[in-house]
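Following are the structures in question.
Next come two complexes, and both contain chain A; in the first it sits with chain B, in the second with chain C.
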Partner chain A sequence: MKKKNRALLVPFVLWAAIFIVLPLLMIVYYGVTVEVTPPYEEIVQADGSVAFALEDGAVTAERPQKETVFSLSNFRRMLEPTYLKLLGRSLKIAAITTGICLLLGYPVAMILSGRDFKRPALWLMLIILPMWMNFLLRTYAWMSILENSGILNSWITALREAVPALDAWLTDRGVGRKIIFLYNENAVILGMVYNYLSFMIMPIYTVIVKIDRSLLEAAADLGASPAQSFLRVTLPYSLPGVLEGVTMVFVPAVTTFVISQLMGGGKVPLIGDIIQNQFGKSSDWHFGSTLSLLVMVVVLAFMGALNRIDKEEAAQKEVRIL
Partner chain B sequence: MQTILSIRDLRVVFEDGFAALGGVSLDIGQNEFVTLLGPSGCGKTTLLRCIGGFETPTGGEILYKGRNIIPLPPYRRNINTVFQRYALFPHLNVAQNVAFGPGLRGADKRQTAAEVSRMLGLVGLAGFERRRIASLSGGQQQRVAIARALINRPDVLLLDEPLGALDLKLRREMQGELKRIQRESGITFIFVTHDQEEALTMSDRVAVMNAGQILQLGTPEDIYNEPQSAFVADFIGESDILPGTMVRDRLVRFLGCDFPCVDAGFGQDAAVDIVLRPEDVKLRPEDDPACAAMPAGEVTSLLFKGVHYEMKVRVGGDTLLVHSTHARPVGTRVRLFVAPEDIQVMHKSDSSPDVLKRHAQRAQ
Partner chain C sequence: MKKLALFALTLALLCAALPAGAQETISVYNWGDYIEPQVLELFEQETGIEVIYETFETNEDMYAKIAMGGASYDVIIPSDYMIERMIQEGLLQEINWDNVPNVKNIDPRFMNAAYDPQSAYSVPYTWGTMGILYNESTVVETPTSWQTLMDPAYTMDMLMLNSPRDTLGIALVMCGHDLNSTDPADLEDAKNLLVEQKPMVLAYVVDEVKDKMIAGEASVALVWSGDATYCMGENDELNYVVPVEGSNIFYDSICIPSNARNVSGAEKFIDFLCRADIAAMNYEYVGYAIPNTAAIELLGAEEYNASPVNNPPQEVLDKCEVFKYLGDDTRIYDQIWTEIISEF
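Coming up: the complex of A and B.
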C-alpha cells in the first residue's frame, strides 16, 4: 500500500485503539482482578489514637484501603449454577428469536425478491422505517399495547362485551378478564423478534435478489416444480445470507438487556441484565467484566461454528466436484 | 412428416403495450430442424419462450401433439431448452448438472450415472463428469447445457442463440455437432439465431421474422433464392434491391433496360422491387456486342474478399454490389448481365400481410 493511503488509516486506527482495544483490555484487566480489603484489627492506643493491626503484625495509623489484586475467583463464581442458568436462558431465548425471525423473514425476503413483485424498494423501506425510530420508544409502544390495561386488553374486553358467546367461551376456558401478555418469556421473545426481524430480512433479500433468474428457469425447464426449484437452487444459493442474518439476530439477542427489562419487567433476567447490574446497582465491575468475557467467548464460539458451516458447505462443494 | 408442434395465431403484448408477437402461425414436424431467424427484437426469443413456457401469450394456441399447452407450467412440458447463456448450475459439477433432470424424477442413481456418461459422450465431453462448470470453456459449457437438456429425452429441444458467445471457428464446429446430434437423437430442434449463415447451414426450414411476424417460411434454398420481400432479401445474404416495372409477364424493366425473367402474374406495368444476388450479376466488357442492350456502368470500388472480389458498379443513379472471381479495376466501363432465373421480382410495399399471403399462394 502507498504511504499516502496509509495515512488515511490513522484516524481509524486511533479510534479503534481508544474505543475498542483499550476497553477490551480494561475488561480483561477487571475480569481477572478483584478488590479486597486486607483483614485488620482496630486498636485503641495508649494516647487514645486509633491504629490498625494487620494480619502480618504490622501496625499502621492509616485505615487499610481496598486493594486490587489478581484473582480468578470471579471465574469460579461465574460457573455457579445461577449464572450458568441465566446464560442458558439467554441462549435459549436468542435461539428461539433467531428461529422465528428466520421463519418469518425468509418468506418475506423471497416474496420481495420475486420478479412479479412490484416496487420492492418501497416495501423494504416500510420494513426498515420503524428501525429509524428510537429503540426504547418502539419497545415502550409494545408495552402500552400489551400491558394489563393496554390497548389489546381493552379491545378484547370490548369484543367480549359485544359478543357474549365469545365471553362465555373464554370464561369456560379459564381466561381472566385481563389477559397478562407482558412480563414473561414470550413477551421478551416478541420484543426481540420485532426489533431484530429486519436484520434477518435484509441479508437474505440481498442474496436471493442476486440469484440468476435463468437458473430458476433452467430448473423449471428440467422439470423442477416450484418446491424442488426452491430446495435445489434458491436454498443452497441463499445459505450465506441466512448465516449472516442468523449472526445479525442471534448475537444482539444473546447480549440484550433492555428488552428483557422492559418486556420482561425484570421477571425474565438474562445474562445481559446481570452484567448491566454489576456495572450499575451492584457496582462490581470486576464480576461484570468476568461475565462479559464469558458472553464474548460464547458469541465467538457461535460465530466460529457458523463460519465452519459456511466453510464446510464450500468444502463440500469442492469435494463433490473432485 | 408428422406435425408435433402447431402454433396458431400466437400473440404476445407486453404490459407497456409493445406487441412482441403479432399473430404468428407455424407448424413444426417430428425431427425437423426449424430456425427462427431475425434481427434482435423481432420476437424470435419471445416465441421460443412461449413454447418453453416462460412467457404467457396474450392470444392464440400452442398445440403440442394436438393439445394446447399454454396453461402448462414449464416443468410440465416435455420440452427442454438450451439457454442463451447456458444457465448451468455453478454449484454442481458437470455430471450433476446433466443429472439434474433425472434426479428430480427420482431416477435410479446408477442408471442415471450411465446415462450421464452416454450423453457426455454424445456431445463429445466423455470423461468430463467431475469437472467444475467454471473450469470449462464456452463451447464445453454449451455442450453440457445440451447434454443436460437431451438426457430428459424431450420431444422438442429449444435452443436460444446457443452459439452466440462462441468464436467463429468453434461456432462452425458446433453447427456441425448440433446437426449431428439432432439427426442421431431424432429430436425436433427449434433454433433461434440472428446469424443468417448459421440458419442456412443447419436448418431444414427457416422462419424469417421481423417486428413480431413471420415474413417467410421455407427451406434455406427457398429463402435464399426466392426471398418474398425486400426485408428477407436484405437480411439473408447480401443483395441489390432496385425499383423496377413489370412490363408484362416474363419481362421486367429496371436500370433503364428490359430483362427477360421467369415471373408472371403481376399485371401490366406494375411497380415492383427487383432483388439481385451480387454473385448473380455478371460483368461484361462494355463493347461486348451480345450485351449491347444491357445497362452500362462504371466500377467504383474493388475489394479482395478471399474467395471473390467485391465490386461496386454505378449505373446511372444506382450503385450495385457485384461479386466475381474476376477483378475489374476501378474506372472500368462494364455492362451488366443477369440470367432470367436470377431475377427475383417482388411486389412493392411487400411486407404487409395480405401481400405475403398472395405470395404464399403464388408459391404453391
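Coming up: the complex of A and C.
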C-alpha cells in the first residue's frame, strides 16, 4: 500500500521538478551570469575583405560573438541606490495596501460571519463575482473613471456648472477644471486595494466562521464585554486567517507591475516594472533574473517572519486553553 | 447517428491532415495584426503553398525564439536595429533578388539603409517615424519643434513613451546630439533634460497612449506614426508632425532566417508581398506608411501623400535616423531610464 502511494507522488514530483525547480535554477543561472561581447574593431584588409581585430591583437575573419560568463556584477548593480529605492517604494506601497485591505476586510469578514447575518453566501458571491473578470479589465475600468477626461471628472464638471457657488468655491481654492486623480501613488494604492481586497476577506471569513460559538457564549457568561471577547477569543482565533490574508495581499502587491503602470501612468514605477522591462524592451534577462532573486529573498524573509508569528500564536493558544 | 458523425469527423480530420503532409508549406513570423488576412489566402490560392502564420509582440520575443534555435521560420519581419543585430550574429541569409522581381516596386530611397547597407538581407515592408501627436483644439500653437515637449504650457498635459531607447533617443536629438550616441556626456545631457521635463509629464505610457489621446486626456504626446494614424482615424481633432530637428525613422523589413527550410517558398512570398496590389491591400489594413511606389500609385498618390504620417517633408526625413543596434550599451540606456523614472 505504501509503495502504491509513493507511485502516486510521481506525477507531482515530475511536475514540480520541471515547472518549479528547473525554472528556479534557470533564474539563478541567469542571475549569476552576464553576456559580454569581447571588444573588437572592424578592419578592412588589403584584399578588401573584412576582419575583426581583438584587443589582444588577434585577428579573426569571424565576427566575435557574445558569450555568457559567470559574473556577480549584476548583484553590484542591483545594490545601487536606484534599485534599492525602488524596492523600498514597492515594500512601502505593498504595506500600505495590505494595511488598508486588513482594515476594510476584517470588519467585512466579521459581519458576514455574524449569526444574524442573512444570506452570507449571496454576499460572498457578490464579493467574489468581480474577481471572475480579468483584473486588467477591472483596472482599465478604474482608469476610465478617474482619468482627467473620465467619468468622475465629467460629473464634477457637470456639478460645477449646475451649482455656480460650488464652482466659485473650488476655483478660489485653486482646484483646476480637471482634477488629476490618476498618475500618482494614491491611484496605485487604490488599484491594488480594489484588486486584492477579496484575497483578504476570504481567508479571514473562513476562519472566523469556524470559531466555536460556545467559546463566545462562555466568554459572555463569564462577564466579558463584547470588546473583551473580541480581543480574547475572536481575534486570536482568526489570526491564522489574517496571516494568510496578509500573505495573499502583500506578496502580489510587492511584485505587481501592471497596476502601477496603468494607474500610476508609469510615474510610480515599482520593482516589478523594472524587472518586466528587463525581460521586454531592455532585453537583459540576466539583470532581470538578479532582481527577481532579490525580490524572492525579500518575500521569503517576509513569509518566514509571518510563519513565526503563526507558530508562537498557536503555542500561546494551547497555553490559554490549558 | 452518433457513430456516423464520429466517422465523418474522423474522415474530415484525416483529409485535413493528409494533404498537409504532402503540400508545400512556408512558416511566417510577423508582428500581431500586421497583415491583411486575405493576403495569406490569396497567396495560398495562387501558389498552392500553405502559409503557417505566427505572430510576435516585440522584436526581443522574436529574437529570443530564433536565437535560441527553438523554431525554424521561412519569413520574418523584424525592425531595423534587430535586423542589424541578426545580420551580425549570422541569423539571416542573403536574399537572391533574381527570384524577387517585384523588388523593383520599392522606392530606392528606402533601400540600402544603415542597418543593411547593401540591401542584401532585407526588403522594407513598412516604415514610420516618431513624432508629436497633438490635439488641434487644445494646443497653444501648432507644434513644429521638439521644444513643444519642454513647454510649461503643457504641464501635466503631455504624454511620453515609457520606453528607454525611444524617449532617450528623442531627448538626445533635442540636445543636438546623435540619436544613437553612447557617449556618457551626451546621455547625461539627455537625462538632465528628461528629469527637468518630468514634473510636466502627465504619464509615461506605451499602448495606452492611443486611448488617452483619443479621449482628449492630454494635448501633446510623443508617439510612433503607426499609433498616430490609428488615433487620427478615431478623433478628427488629432494631428501629427515630425519635428524639424529630425527624428527616428524605423523600418520593419522582410527577411529570411539562415535556418529557413523552404527558401524558394519564402522568396515567392516576399515577391508576393512586394506586388503592387498586395502591398496596397496591406496598407489599407495595417495603416503604416509603405515604401512601395507602385502600390502608392495604385492607391492614388495624392490622397496617400496628403497624410503627414505618410509624407513628412523630405528635408525633415533627411534628418531622420534609424536606431542602431547598440549591443552591450543597451544596458546604459536602461540604467539611465530607470534613474529618470525612479526619481521621486
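Going forward, the second predicted complex is superposed on the first by the 305 of 322 C-alpha atoms of A that agree within 3 Å, B and C clash if a C-alpha of one lies under 4 Å from a C-alpha of the other, contacts with A are read in each partner's own complex, and residues count from 1 in each chain.
By definition in this document, a contact is a pair of C-beta atoms (placed from the backbone, for glycine too) under 8 Å apart; a residue touches a chain by one contact, two chains touch by 3 or more.
Just so you know, these numbers come straight off a predicted model, no measurement behind them.
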{"item": "Superposed partners chain B and chain C on chain A - clash or fit", "value": "fit"}
{"item": "Touching partner for A:Leu103 - first (chain B), second (chain C), both, neither", "value": "neither"}
{"item": "Contacts of A:Ser149 with chain B and chain C, given as first, second, both or neither", "value": "second"}
{"item": "Apex chain A: angle to the C-alpha centres of chain B and chain C, given in degrees as a multiple of 10", "value": "150"}
{"item": "Contacts of A:Ser282 with chain B and chain C, given as first, second, both or neither", "value": "second"}
{"item": "Partner chain(s) touched by A:Ala224 [first = chain B, second = chain C, both, neither]", "value": "first"}
{"item": "Chain B versus chain C as contact partner of A:Gly266, first or second or both or neither", "value": "second"}
{"item": "Which superposed partner A:Val59 touches (first chain B, second chain C, both, neither)", "value": "neither"}
{"item": "Chain B versus chain C as contact partner of A:Tyr183, first or second or both or neither", "value": "second"}
{"item": "Partner contacting more residues of chain A (chain B vs chain C)", "value": "C"}
{"item": "Minimum distance between Cα atoms of chain B and chain C in the superposition (Å)", "value": "47"}
{"item": "Residues of chain A contacting chain B in one complex and chain C in the other", "value": "none"}
{"item": "Touching residues (chain side chain A, partner chain B) in the complex", "value": "212, 214-215, 217-225, 228, 232-233, 236-237, 317, 320-322"}
{"item": "Chain A to chain C touching residues, read off their complex", "value": "35-37, 63, 65-66, 77, 82-83, 85-86, 89, 143, 147-149, 180, 182-183, 261-262, 264-269, 274, 277-278, 280-284, 287"}
{"item": "Touching residues (chain side chain B, partner chain A) in the complex", "value": "52-54, 73-75, 79-81, 83, 85, 87-89, 91-93, 96, 100-101, 104-105, 130-132, 148-149, 152"}
{"item": "Complex interface listing, chain C residues touching chain A", "value": "58, 60, 63, 88-90, 156, 162-165, 198, 201-205, 208, 212, 215-218, 327-328, 330-331, 333-335, 337-339, 341-342, 344"}
